[in-house]
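Take a look at the structures below.
Two complexes are shown next, each including subunit A; its partner changes from subunit B in the first to subunit C in the second.
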Partner chain A sequence: MGMSFFTPLSWNDSGFILTGVLNTVYISVVAVLIGTILGLAMGFLRAEANRFTNTLLGGVLDILRSVPLIIQLILFSTYIGAMGHPLNPFVAGSIILSLYTMAFMSEVFRGGFESVPQSMIIAGRSLGMSYWQTVVYIRLPIGMRAVFPSWLGVALSVIKDSALVSVIGYMELLRTSEQLISRTQQPLKILIGVGIFYFIISYPLSLYGKYVERKMAI
Partner chain B sequence: MEYQFHWNIVFQKMPQLLHGAFVTLHLSVFAMLIGIVIAVLLAIAKMSSSRIYSIPATIWVEIARNTPALFQIYMAYFGLGAFGIHLSPYVAVLSALIFVNAGYLTETFRGGFQSIPKTQYSASKSLGMNGIQIYRYIILPQMFRRIYHPMTNQFVWSILMSSLGILVGMNELSGETQRLQSLSFRTLEFFIVAAIMYFIITKFVLLCASLASKRLFKGDI
Partner chain C sequence: MIKIQDVHKSFADLKVLKGIDLDVKKGEVVSVIGGSGSGKSTLLYCINGIEKIQQGRILVDEIDVHAKGTNRDKLRQRLGMVFQQWNSFPHLTVLENAMLAPRIVKKMNKKRAMEIAKEELNHVGLGDKFDEYPTRMSGGQQQRLAIARALAMKPDYMLFDEVTSALDPELVGEVLDTLRMLRDDGMTMICVTHEMAFAREVSDKVAFFHEGIIEEMGPPEQVISNPQKETTQKFLSKVLH
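Then we have the complex of A and B:
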């Protein structure tokens, strides 16, 4: 019997796979959280700002949406490396993924803020509310409820896009599986496992999004 | 530490980069066109009352929408090897993009189709139109207007996602950039130029789409 360079998949690999799973969940949660907060601020600014600021902000956000995520990740990690301040893959990946999320979230939230009828805000002001009170008690709750399905859609695409952070060396699920594939030479088994993982996270959430959308439509 | 930019090498390699951009463009166009054809079939299958058609279509759509594009490319490139199917990087990326495009566009088409009130069919019939006329003059023109923007977005998405070809050694814009920078070590310069090229390509496509929509729909959309 000839010697083999490859060792098959075994239960000892489960810890390694679990690390990948947790890292994928971890970076997705961080990016969605920071991206939502920044996107909310940007969306509010864009709904309120004058034409000049709006064009400027819109331009920057547009660049983030029109350059492939993978190029942004490579550019950023090369740039900070060349400037002599290398960051670990998790931090660099979180920064770019959060900014990328922000760019999409800002459009969602802007739409939400603009969907609140002007008459409601005027009614609030005439009841003696301050500008910020109308923002906190009227525009935020009403506007954000309307865009919840879109928010969920962006969040789901970020979970899937987090797989790309593997290119700058972050050990998320797809990268750990890639390493297992090169050791075991069992690509199909491993990849199907990876696919099932993404599916069981993404599918129920997308069903929930559809359910909420249907409920709101009635 | 100061970084010295050297742009000369990038300009020398411009023909290769432009060729990469061209590959990106035709890859995305093919992925879109074939994706549209499959999506029409899947949409019809999904709306069918027979489960033999609707269940496979639903499975396709849900897998395409709920797994990362990178996973699908790996599946086409590494995974199919288990069945003895070895695809070239171009075909692997193309088939993965077709798979995803078809999945997303199915939902778009289905939504567009269902947004047309059923009463319009009876109205057209009562005017003496036959089946083909109803679709040709009443249903499809309205449907096309409603799905035009989502379709444009899907096209831009497939241009951006074709950049994943870099991971399977393809020669589209990203892969070409990767190859050229590895020969010269001017990583930053090459990827800055690639980023600008992607930006220009997406803006160009969106501009063409909006010009075309003005002609097609005479302004009202």
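Then we have the complex of A and C:
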């Protein structure tokens, strides 16, 4: 009787699901990219800055890291909306997710920069390299290699965290599937599908990370 | 020529160099000996301008290292330096290690930089290691790489800071042989060293450092074989036995 109200999952839904998948990939790539660039700059600043600047930056980054992402998303998008500049969910989500990523990446990169011994930098300077040349040709490549596994770890968690951007209306995979669930009433099937998707993306990446880690350990 | 004139250097309250005078002529080998903490490394860092000085001056080919207008990055191209720790760049192959500075500092094209790097690597006996990563090599090989890497910049002077001190005893010989070879090539060198036999053999002049001053200086036959000062005698009797 009432069953006619729901329509079961069908192949016609695949385009809709694909949009969700692509949007998840899209916002994750944007956040990881921007978060990495900003995190690199921030990590470098923190490795180089004096104590005062460091405490200041550290405080801001701590806030970004400790306030739950979902709260940051809702706060930001409501505040911006209330100010009369509503942003579309993708832009608002990208900004917050990127900053959130930056906060974690900055710690990763700071560790990377600090892992390069001062003596190695002096060796570069004594060959005539400028300060910036030692940054670009010595500290960056050596430091980044050392922290690649941690970088990958952060990137993977960002892919998963991107699901939270659904709360401000971005049509990523989770939100797409919620809509499908309410239409089809087939939550188990759909959520398992979504879970498998995240697994398919994350697992090979984490295997790759482990592989690199092992290779570097030699 | 390197002229070191009345150089004073402190780290905060700690006076490390208390008036150093030393001339190093073209083609000379000067060994610096002395106890740990006497300021030997600091002097080398002051010569290539990595550390500032508070008083006196250091002239390298008449260029005042510490003067305001001096381009110290440029000046360092004339002053190769090798350290106790070899500091190989682990992300680069042996060949790339030796090519990096000629490429980015001297803006040499790849072909030319490679030629020079290979030449210097052959010279120190690493001709069969071009594509090896330094972390897979012994300390002695890495130290020879550090020497070749510095030589690839075609410096006029080489500063050596206890380059054999961190090596396993059986690897010391190959590095000292490399230094001997450089001396025979006519390289001007300042060698901070604890290898007294080596210093006696290769040096034109030996400077004994004690608490930030040169306590005794002269030919090795004097300073090492027949020291005049009591502090020198004491130091030598400690390191020679």
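A few comments on the model shown:
Note that the second predicted complex is superposed on the first by the 215 of 218 C-alpha atoms of A that agree within 3 Å, B and C clash if a C-alpha of one lies under 4 Å from a C-alpha of the other, contacts with A are read in each partner's own complex, and residues count from 1 in each chain.
Here is the rule we use: contacts are C-beta pairs under 8 Å (C-beta built on N, C-alpha and C of every residue); 3 or more make two chains touch, one makes a residue touch a chain.
This structure is a prediction, so every number in the text was calculated from the model and none was measured.
With both structures placed on the common chain, the touch criterion links A:I138 to subunit C but leaves subunit B unconnected. Greater residue coverage of subunit A by touch, when subunit B is weighed against subunit C, goes to B. In the superposition on chain A, A:S130 makes contact with subunit C only, not with subunit B. With both structures placed on the common chain, the touch criterion links A:L33 to neither subunit B nor subunit C. Of the two partner chains, neither subunit B nor subunit C is touched by A:L45.
After overlaying the two complexes on the shared chain, residue contacts for A:I122 are found with subunit C alone; subunit B is out of touch. Once chain A of one complex is fitted onto chain A of the other, the partner contacts of A:K160 are limited to subunit B, with no touch recorded for subunit C.
By the document's definition of touching, neither partner reaches A:V25: not subunit B, not subunit C. Within the superposed three-chain model, A:I63 lies in touch with subunit B and out of touch with subunit C [touch as defined at top]. For the contact definition in use here, the subunit B contact set and the subunit C contact set of subunit A share no residue. Remark: subunit B residues 1, 3, 62-63, 65-71, 74-75, 78-79, 81-83, 156, 160-161, 163-164, 166-167, 174, 187-188, 191-192, 194-195, 198-199, 202-203 touch subunit A in the complex. Listing the residues of subunit A that touch subunit B in their complex gives 63, 66-72, 74-75, 78-79, 82-84, 156, 160-161, 163-164, 166-167, 174, 178, 181, 186-188, 191-192, 194-195, 198-199, 202-203, 206. Of all residues in subunit A, only 117, 119-120, 122-130, 133, 137-138, 141-142, 145 touch subunit C in the complex they form.
On the subunit C side of its complex with subunit A, the touching residues are 48, 50, 73-74, 76-77, 79-81, 83, 85, 87, 89-91, 100-101, 104-106, 146, 149-150, 153.
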